[in-house]
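Have a look at the structure below, then the notes.
Chain lettering (A, B, C and D) follows the sequence in which the chains are written, and residue indices restart at 1 in each chain.
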Amino acid sequence: MSRIGVFICHCGENISRTVDVERVARDVGRLPGVAFSTDYKYMCSDPGQTLLKKTIQEQKLSHVVVAACSPRMHEKTFRKAVEAAGLNPFLCEMANIREHCSWVHENIEEATIKATEIVGMMVERVKKNRVLPTITVPVTKRSLVIGGGIAGIQAALDIADAGHEVVLVEREPSIGGHMAQLSETFPTLDCSQCIMTPKMVDVANHPKIKLYTYSEIELVEGYIGNFQVTIKKKARSVNEDTCTGCGVCMTKCPQKKIPNKFDQNIGMRTAIYIPFPQAVPNTPVIDRENCTKFKTGKCGVCQKVCGPGAVDFEQEDSLIVEPVGAIVVATGFDLYTIDEKPKGSPIKGYGEFGHGKIADVIDGMTFERLASASGPTGGKILRPSDGKEPKQIVFIQCIGSRAREKGISYCSKVCCMYTAKHTMLYHHKVHGGQAYVFFMDARTPGKSYDEFWRRAIEEEDAVYIRGMVSRLYQKGDKIVVMGSDIAVGVQVEIEADMVVLATAIQPQKGADLLAQKLGISYDKYNFYSEAHAKLRPVECATAGIYLAGACQGPKDIPETVSQASAAAAKVMTLFSKDQLEREPIVARVREAGCVGCFACKKVCAYGAVEEKEIRDRQGNLIKVVAYVNPGVCAGCGTCQATCPSKCVELDGYTDEQVIAMIEAL
Amino acid sequence: MHLAQQQHTFEPKIFAFVCTWCTYAGADLAGTSRMQYPSNVRVLKFPCTGRIDPVFILKAFQQGADGVLVSGCHPGDCHYIAGNFHARRRFAVFRKLLEFVGVDLNRLQFSWVSAAEGGKWVEVVTDLTEKVRNMGPMTEFKELAMEEQWSGAINTPELKEAYNAI
Amino acid sequence: MNDTLKYAYYPGCSLHASAGEYDLSTRELFSALGISLTEVPDWFCCGATPAHNVDELLSLSLCAKNLELAEQVEGDLAVACASCFSRLKFTQHTLEENATKRKQVEKAIDAPVKLDGKVKHLLEILAKDLGLERLAASVSKPLAGLKVACYYGCLLTRPTDVPNLDCPEAPTIMERVVEASGAETVAWTHRLECCGANFTLSRPGVVLQLTNAILDSAKAAGADCIMVGCPLCHGNLDIRQKEIENVYSAEYNLPVFYLTQLVGLSVGLAPDQLGLNAMIVNPTPLLKEKGLL
Amino acid sequence: MKKKKMLLSQETMDTGFIRKVETLSDTSVRSCFQCGKCSAGCPMATFMEHPPNRVMRLLQLGQWQRVLAGRSIWYCASCETCSTRCPNKVHLASIMDALRKLSWDAEGPSKESYVQLANKLFLQNISSYGRQYEMRLAAVFNVKSGQFLKDMMLGPKLFAKGKLKMFQRKNKNLTEIQKIFSRIEEMRKKGEAL
């Protein structure tokens, strides 16, 4: 007969406000098998855990049910406490009476009945729980970092500096990401490239970092400590080992009028190109869509002029498999596009701003390229339409952001600051010019951030006007800005020479597809989800995968770098052990009943089911049965639900346990 | 809302079989967001919808459930790569079987609720509760006392004997 | 230490006209307390609000000139009127901080600006220079049972960093002084609100509205009377009280005392020494009821 | 004027005016970030068409015509509440002084004449007598503003209480006071002071 102990937590008042915890404790105390039941203010607190441990020993409890918050929150905590008291941790279950009960119901009577039933259900379940041994697996002490922007670079450098090998994968021909595109950075106005490029070079030279640029993640298999990652290296058409980076091919390429994406399509590049002069690696890539050789078969100038003979038109995409123990996802962000969007898209565009129709209405990133010393105008702020210096410039914040109607309800976090920076750069570069900013709120939390914004207004002459702009239209060579100053309560009209729109931050295109390959979760915008918004902000719910930077949500550079280092620290913690303990939630085959149909093998996504021969003492084959490799099994239980003879059992989720729960209700 | 609810003469019993990664987390989110929904639902957590055996649904109906909800990750988002696809196929067939047996399929609902969709969880649970409430109690299965056949436990002498004979 | 406190005295225009009783009671009280006051010879108007309202340079110059005149008399400058006090302090503050303005003022008054002399409101002299203990020791007829609402108005304490009389948002100096005289004080909400003195001539309607709110708050807090340290506030609260009662159909009947009148009563001065008969709202019934007359 | 659309440009935003106000008031106009605390505590806000924060805002945009045309600046009681409580050390009361001074110099484009008249008479009293002559101030104000019977009921009462004096002695040093007025005027002519 089991001696079950039930502990009902008040969670301060979070539970006890709507659930009569004393009544629940009293009622479940009468259930058969329950030897002890009580309620306590904070079970997760130190005294709460002590109470739990003491009671297990004093009452000689065989099983424990803690009725408190979600097991996703504290199951580990209580299982650890139970283990410390000498019980197998898997003899402890949690009943979720907070998230699933007290927080979602107001009626005390209803909530109390529901809580009692939930606890009763877990009592029946725990009776069927079995002692499970911990399973250890080896850890591959190499890490994969996906994305070569500042987040990926920082994480890769930190992990590599700790002495572990890093595989860094970047989709573009060069690492650097968006930060390499920026001119200056807030709130210090130091030049982005000046602080970025040394780090890029460090990555290139680091003996522990294996860099794959122009490459993408094809497939991720395995689990924490033991991932197998297949990387697709796209055909660069230039041999990285022999290319010296002399650049002759680029100067000779006859295709010179291809809009350079790195310069927001303002500047032009050749068909064989590096995206920007400081690119790492300094190896060009042939843009096959625009290359004359690939389009018509004629040309091949680059190949002819290449001294080392590095140009290789025959090169093909290749697949490489890298075994790693941990993965840092740092895929960054993409910018919202302002124009009208195709029908059916969850995100809508702005017709009223004429972006794409009025040449001098540009987005913030384009302004960055104009302001950048290495940009297409050499750092001069010039109008795309006629190359003239804009004497009146208008910035509009919150384009896409905080616009539920457009499909994005969040704040992009960095636009207030970069717009303030833009006004300063403009003020420094265009003498006698006037910058105006239309804004709803100035959101400047961060070290020295508000001071920076105030400086833009108080010392750098920016005129901030609270109120959104209704629309823009061309009038001669001016752009009429129709806004309002809500502090005055009247309409405002400005005839601007240039308008800069501060566009929202969105996840990279295809972020959802990568998440599906990795098996991590993401929100409705495709930002990746952390395991806990406050206490586990760097980890994914999927063990062994960590997040860094704006792929998780809008972030500025310092925050991104902090998170990247935090992710690196998490990886190092994982790598500090040779063996990894994992939850013993794995499937087992009852060989006696197994008929060897291998339906389980067909449905197993992990290839964990093997065939095992059963022989008698004489070595005669009796039958072939299924065998689940516990090191490979991920514990989904699909095999069990599939097995026609009910001979596979997932430890921790056995039929017995489930049926006991159903019957309890 | 509650006053209105208490006027009902019939409170249905709803079982929800959910996966731990998406829908359970979504229901947690509904809690942390303090959303409100009817208290009729009882949640059973599984690692994956792929683990959910149709037998559990039959068992639930037999045990007095008036409605059953099965919910997991959106297609493509399965934490275990493809468990929800297996579940989807399995339940597509199972629904046919139930229909054949004569169970009103309105009592059984499948949905995808992700970890970020607290609001959707509330919506799904509320809608199902209201729907089943209007349908009235489920009586068909309660009369069938065929427990041992459905149970995974080998708890009758006959079964034990048969088991040992293998 | 020389026991006799000596001050130069700047009464200001109002005390020589509509606020004669403030001047009278000040002189009588200080003489009773053994404090010497010598009126600044040929002082002239500080410009008050109208001057700085439209011409700050004029305001600063007038005050600077008065400060220069005050140098002729020994001792710190004692000021009775809150408005004069505020302007003189403001002038000192501004000219200390702003060299350009200082130069302009020196040109206007054709003399170097002197900022060493201390400008003190009567309250400061009573509470700090004389001290509350000595003040309490001089009390022979404590104002027991009299519930006083102390009204500061705007200019005694505002803005931050200028008059430095007391905390601009939670001052207690008036309460401390009148409590030393044995009175009770009430806690009330409008003791720092503006009475609109600036508009007493031009827009009396505004004044009525603002002053009504003040009287209403004092009454609601259970006060028997109001104590002020400013002739302009007094003008509005006392002289216009009847009119306010008519306009707003209210009944206040709150005598409005100058601080020197109440403190004077407590040290045993007679009503005619304090000019109580000059008050428009007759204080006699109240004082009789409380046994103070 | 009040509701008319603002056309903003370097030409329409009079930064020279802003500088003048900043010099006169010794406080930064741009520091204001429009929190609204001044308007929240202003005893006179209900009488103004532009509450104090909006006066500041219009000033920031160099829209002085709008500010000066209104009554708002003349309805400021100079109570200093705004200056005392401003989170940004904007001395709004001093800015109001500066605005009135500039309005006064521009010979009152404002609609508010009573307050201006009272101020003018007050200053005249100083230059003619040295001290305020309350009786004259009130009487002349009533005559000039055409409100002959204003506060008539108060008069006899005040006389009886000795609060109104019929005659005012002139200061002995009146010439010195008048010199201050004339020197200031001279400085302004020479452009040595605003």
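Of note:
Here is the rule we use: a contact is a pair of C-beta atoms (placed from the backbone, for glycine too) under 8 Å apart; a residue touches a chain by one contact, two chains touch by 3 or more.
All values reported here derive from a predicted model rather than from experimental measurement.
Taking A-D and A-B together, the chain pair joined by more C-beta contacts is A-B. Averaged C-alpha coordinates put the centre of chain B at 76 Å from the centre of chain D. If you average the CA atoms of chain A and of chain D, the two centres end up 60 Å from each other. Separating the CA-averaged centres of chain B and chain C is a span of 80 Å.
Between chain A and chain B the centroid-to-centroid distance comes to 31 Å (mean Cα coordinates, whole Å).
In chain A, no residue reaches two or more other chains under the touch definition. The touch graph of these protein chains is an open line.
The complete set of chain-chain contacts reads A-B, A-D, C-D. Taken together, the chain C residues at the contact with chain D in this complex read 13-14, 16-20, 42, 44-45, 47-58, 61-62, 65, 94, 97-98, 100-101, 104, 107-110, 154-155, 158-160, 168-169, 193-194, 196-199, 201-204, 206, 210, 239-240, 243, 277-280. Across the interface of their complex, chain B is touched by residues 70-72, 96, 98-101, 103-107, 110-111, 113-114, 117-118, 121, 512, 515-516, 519, 521-524, 529, 541-542, 585, 592-593, 603, 605-606, 634-638, 640-642, 646, 650, 653-656, 658-659, 661-663, 665 of chain A. Interface residues of chain B, counted against chain A in their complex, comprise 1-2, 5-6, 13, 15, 20-22, 24-25, 27-28, 30-32, 34-37, 39, 42-48, 50-56, 59-60, 63-65, 73, 76-83, 86-87, 90, 114-117, 122, 150-153, 163, 166. Within the complex formed with chain D, the residues of chain A that make contact are 391-392, 434, 436, 454, 457-458, 463, 465-466, 485, 487-495.
Residues of chain D that touch chain A in their complex: 2-10, 13, 28, 30-31, 33-34, 53-54, 57-58, 60-61, 63.
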